[in-house]
Amino acid sequence: MQVTRWMQECSAAIAEQKDYLTQLDAAIGDADHGSNMTRGFAAVEQKLTELDGGTPPGKVLITAGQTLVSTVGGASGPLWGTALRRAGRALGESETVDPSQLADALAAAVEGVIELGAAQPGDKTMVDALQPAVDSFRSQVDAGAELAAALSAATAAAEEGMRATVPMLARKGRASYLGERSIGHQDPGATSAALIVAALERSLSDER
Amino acid sequence: MSVAAQVVKKFINDPETVVPEALAGIAAAHPGLVRVDLENQLVLRADAPVRGKVGLVSGGGSGHEPLHGGLVGVGMLDAACAGAVFTSPVPDQMAAATRAVDGGAGVLHIVKNYTGDVLNFRMAAELAEDEGLRVESVVIDDDVAVQDSLYTAGRRGVGATVLAEKLAGARAEQGGTLAEVAGVARKVNEQSRSFGVALTSCATPASGTPIFDLGPDEIEVGVGIHGEPGRRREKLAPANEIVGMMLDPILEDLKPAGGSSVLAFVNGLGGTPLLELYLVFNEVSKQLAEQGVSVGRSLVGNYITSLEMAGASITLLALDDELTALWDAPVKTAALRWGV
Amino acid sequence: MSVAAQVVKKFINDPETVVPEALAGIAAAHPGLVRVDLENQLVLRADAPVRGKVGLVSGGGSGHEPLHGGLVGVGMLDAACAGAVFTSPVPDQMAAATRAVDGGAGVLHIVKNYTGDVLNFRMAAELAEDEGLRVESVVIDDDVAVQDSLYTAGRRGVGATVLAEKLAGARAEQGGTLAEVAGVARKVNEQSRSFGVALTSCATPASGTPIFDLGPDEIEVGVGIHGEPGRRREKLAPANEIVGMMLDPILEDLKPAGGSSVLAFVNGLGGTPLLELYLVFNEVSKQLAEQGVSVGRSLVGNYITSLEMAGASITLLALDDELTALWDAPVKTAALRWGV
Amino acid sequence: MQVTRWMQECSAAIAEQKDYLTQLDAAIGDADHGSNMTRGFAAVEQKLTELDGGTPPGKVLITAGQTLVSTVGGASGPLWGTALRRAGRALGESETVDPSQLADALAAAVEGVIELGAAQPGDKTMVDALQPAVDSFRSQVDAGAELAAALSAATAAAEEGMRATVPMLARKGRASYLGERSIGHQDPGATSAALIVAALERSLSDER
C-alpha cells in the first residue's frame, strides 16, 4: 500500500484548497487552518523522501504523524499527528496492508483523535467527517466489498459528515467560543478531513 | 462599505518570515536582557538557565506582542515560544525551551486555554518528562465572555496570563519551589476575570484582510485575542456604557467582597490609542468605586494584543497581601520593568 | 473605497471631554508617580516642585500619548501641559506648569517646533519671567522630512523630543544647572534626525473621520504626528525598502562618522503592531550595520504617536559617552522606566 | 462703536462655518482650525458679558484678545489674540471710534500678526486676507468714503485675498510642511479672517 502516495495526494489537495480552508476558519476560528495544514503536509512530503522505499507502511505513517506534530501547531497538528501515528502503530511491521488491516488502522486513527481531543460526534469537528468515513469503510469491507467501492463509500460518508457540520453548534475548538454564532458554518477541520479521505481513495483506487 | 474587502497594510517583507524577522529584531533591540534561538523560535532570558531557580516557559501564536517574548527577563519568564501568527507553537519548540531554562528546580509551563496550546504543551511536557525533567503546567482561563464553558473548549486565557507570568515569575525569582510557583499561577488564574470588546477586526500577514466584517457603528462584544468574532454584536455606545458591558460579567463572576481591593488591568488590543485606554481606565475606576471595590494596583497599556485590532479588554485580579507583594517585586523585561 | 468616508470608532463619551477624562485616568492609574491639575490640564510629578532641581516642562496637543504625560516622573519631565487633540495648549497652562515645578533653579521649556507650540510657549515664558521666574526654552526640530526649512515654519519636532526629555531630565536629576540641562536638550536636538511613514491616516475625536484619504496600496512618506499628509505618496513596498526610504534622508543629514555609535529609536505612530515594529527595528539595525554604524542603544515602541495612525518613525541620535550615560541613568515614568 | 456686537457676529459666523474651516485645515493642516476658533470666540462672547456696558471699545478688544490667547491654543490663538490686543491698545481710552481710528486699529492688528508670526503676504496665511482688507479700508477712508462703503470694500478685499491663497505655496504654519502639495487648497486661517472682517461690516453697517 502506497502511504507515501496518499500523503502526496493529501499535500496537493490541501495546498490547492488552502485559501478555502482558511476562509472557513476565518468565519468561526482564527483564519489559519489552511496555512497550518499546508505547512504540515508539505513537510511530510519532504520528510518522506528521506525514507528508503522499503520502509513498511506503518513506519511511514508514524514518521508522517511525527512530522505533522513537529510542524503544524494549533489544534490540528497534535490531532492529525496522533491520528497518523496511531494508524501506523496499528499496521505494525507488516509489508502489505489488506482492506481489513486498513479498516483497523483508520479506526485507531479516529480513536486517537477522540482520546486526545475529547470531541464527540456532533461537536462540529474533524471527528464528524472521520467517524462516518471509518464506519462505512469498515462495514463495506466486512460485507466483502471491493477496496475501491469501500473507499468511495468512505469518501462519500466523509463529505456528508463534513456538510453535516454546517447546522451544528460547536462544542470543541475555537468555534465553541462563538456559541450560537457557530451555527451555519462548515467546520474547517471536517473539511480538511474529507480532503484527506478523498486523497486516500485516489491514492489507492488507481493502484491497479 | 465592506471592511472585509479592505487590505490592511503592514511593514513586512514576506508573510512567511514575519515571526523570525521580528524575533531577530527583539534580539537586536534587547541584548543583555534576552537572547533568541531562531531555529526553535525562542526568546530566552540572557542568563538562562538560572541555577536552582524554577524556570518559567510560556508561548503561543504570535500577534499578541509584547506577550510573550516581551515578558522574558528577570522576575518574569525564562523563555517564550513563538508560533506562527495566531497558531500555537509545536511541542518541539516548547521542549527545547524547557531544556534551555531548566536550572534543576523544575520548569513551569504557563498555558493559555486554547485547544492548540493545551495539546501542544501537553505533548511537550511528555517529551521533557521522558528526558527526566520535572514539569508542571498551569492553564489560564480567565475570559468570562465564554459561557457554558463546561460544554465547550472552556474559557479562553487572556489578560490573566500577563499577571500570572509576572506574579509566578516573582515567586520563582524569590526562590520558590516548583509547587509554590505553580501555586501562585493557579491562584492568579482563580482570582482573575477578563472581558474584551473589539471596535475593528485585524488581519494576519498571511491573509492581509480583516478576519471579520464590522459595520461603521458596530462593535464585537466578548472577543478573544485571535481576531475571532465575539459572543455578540452591539451598536457602538459611549465608553461608560461599553465599560459597563465589560465590568458587569466580570464582577458577576468574580464577586469581589465589598471593600476588597483589585488589580485593574486595562489592556489595549493593539490599535486603540493610549489616550482612549486611559479614558477607559478612568471609567473602570469610577464604576468600581461605585461598587465599593477599590483599585489597589493598576496596569494600562498594550500587553496582550490581537495585531492591530482596535479594542480593549479589562482584567480584574482580586488582591491579597501575597499577590500585592509579588506584583511590586522587581521585574526587568522589555515590556514590564520596575525596581531594577 | 474612500478611506475618508469611513468612521473611526473610539472609546469616548463626548469629544469635548476626551482630554480631561484621559487625564483623570492617568491620575487614577499612577498615584504616587504623578498628580493631575485638571483645571489647567497638567500632569505633574507627584513631588513637584523639587527643591533646587531644574524643572522640566513640556507639552503640546493631545493625541501623542504617552508623550508628554506618560513621560512625567523622576529623571524626566516635571510637568506636561495637555492641549486639545492636535492643538497646542495655551500660555496660561504652560505658565501654571512653570510655577508649579519651579524649585528655585529655573525651568526648562522643551518645545516641539510647530508654530502653535512655539508661539504659546513664548507667551508663557514671558508671563513666567514677568513673575520673576527663570525660564530657558529649547525648540526641538529633528524631522528631516521637512525640506527647504529655511523658507518654512522649519523642521517639525518629533522623535528627538522623547530623547531630549529623557536626557535633559537625567541631567536635571543629577543637579545640573539650567544652562547645563538646556545644553543637553540642545545637544540631543543637534545630534538627532527623524523620518516618519504612515500606512493609514487617523481621526480626531472631534471629526471622527480620517484626516486624509489613502488608497489600499499607498503610503504617505514624510509624515509628522498630526495626521497631516506627508511630503509625497508612494506605493506600498516591502519593509526593507520603506526602512531605506526613511534611513537614507536621516543618514544623509546626520552624516554619522563610520564606526560611530547611535541610539536607534523605532517609534510606532499608534496603530502598528509591536510585531511589525520589531521587524522594522531588525531592518534598521541590518541597514545601519551595512553602513558601518553601530547601534549603541535602542528604543522600540509607541512613544510619540498620532492617535491610531498605522505607521512608524525612525530617530537616530549620535551618541557620545555623556549622552550614553544620561540615557542609562534611572528614570521612573509611566512609559519609560528603568534603574528604579 | 459696538465691539461686543462685532465679537458676537464673529462667534456666530465662525460657529456656523466650524466644519468647513476644519475641513480646509484637514487638507493642509491638522483638522482643528474650526474647533479652535469656535472655542475661542465662544469664550470671548461669554467673557464680554462680564464687562459693564460703559467699558471703552479699546478695553473690550484687549479683553477679547486676552481671552483668545487663553482659550484657543494652536497658531491662531496667539496670532488672533495679539491682533485684537494691538487693535485695542491703538484705540486707547477713547469712548468712540471714528473711521480713521478704526483704520489705525486694524493696521495695528495686522502689524501684530506679522511681528509675531513673521509671515509675509503670499505665504498663504491669515495675513493674505487681513492685509488687503486693512489697506483697502484705509484708502477708502482717506478718500472720504462712507463707513459702510469702506467696510464692504474691506470685506471684498478680504474675500479676494482669501481666494488668492488657493494657488499659493505655503511658507508658514503646518501647511508649509507639505511643500508643493499645499498648492491648490484655500488657507483655513485666511478663511476665518475673511469671516471676521465680514462680521465687522455687519456689526457696524447696521448701526444706523
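Just so it is clear, A, B, C and D label the chains in written order, and each chain counts residues from 1 on its own.
Heads up, the rule we're going with is that a residue touches a chain if its C-beta (ideal position, glycine included) is under 8 Å from a C-beta of that chain, and two chains touch if they have at least 3 such contacts.
It should be emphasised that the depicted structure is a prediction, and the values quoted were computed from it without experimental measurement.
S.K.: What is the chain whose Cα centroid lies farthest from the Cα centroid of chain B?
M.R.: Between chain B and every other chain, the largest centroid distance is to D.
S.K.: On a C-alpha centroid basis, what's the spacing between chain A and chain B, in Å?
M.R.: Here chain A and chain B have centroids separated by 32 Å.
S.K.: Measure off the straight-line distance from the CA centroid of chain A to the CA centroid of chain D, and report it in whole Å.
M.R.: The separation of the two C-alpha centroids amounts to 76 Å.
S.K.: Would you kindly tell me how far, in whole Å, the mean C-alpha position of chain D lies from that of chain B?
M.R.: Their C-alpha centroids are separated by 54 Å.
S.K.: Can you tell me which residues of chain B touch two or more of the remaining chains?
M.R.: If we look for residues of chain B contacting two or more partner chains, we find 85.
S.K.: Mind pulling the residue numbers of chain A that touch at least two other chains?
M.R.: Residue numbers touching two or more other chains: none in chain A.
S.K.: Specify the contact topology among the chains shown, as one of line, ring, star, complete or other.
M.R.: Line.
S.K.: Kindly provide every pair of chains that touch.
M.R.: The set of touching chain pairs is A-B, B-C, C-D.
S.K.: Quick check: in the complex, which residue numbers of chain C touch chain B?
M.R.: Contacts found on chain C: 1, 5-7, 9-14, 18-19, 21-26, 28-30, 62-63, 65-66, 70, 85, 199-200, 216-217, 219, 236, 238-240, 242, 270-283, 285, 295, 298, 300, 302, 305, 307-308, 310, 312, 332, 337-340.
S.K.: Please give the residue numbers of chain B that touch chain A in the complex, ascending.
M.R.: Within the complex, chain B touches chain A at residues 61, 83-92, 114-116, 119-120, 122-123, 145-148, 151-153, 156, 204, 206-207, 211-212, 224, 226-229, 231-232.
S.K.: Of all residues in chain D, which touch chain C in the complex?
M.R.: By the definition above, chain D touches chain C via 22, 26, 28-32, 35-36, 39, 69-79, 116-117, 170-174, 176-179, 181.
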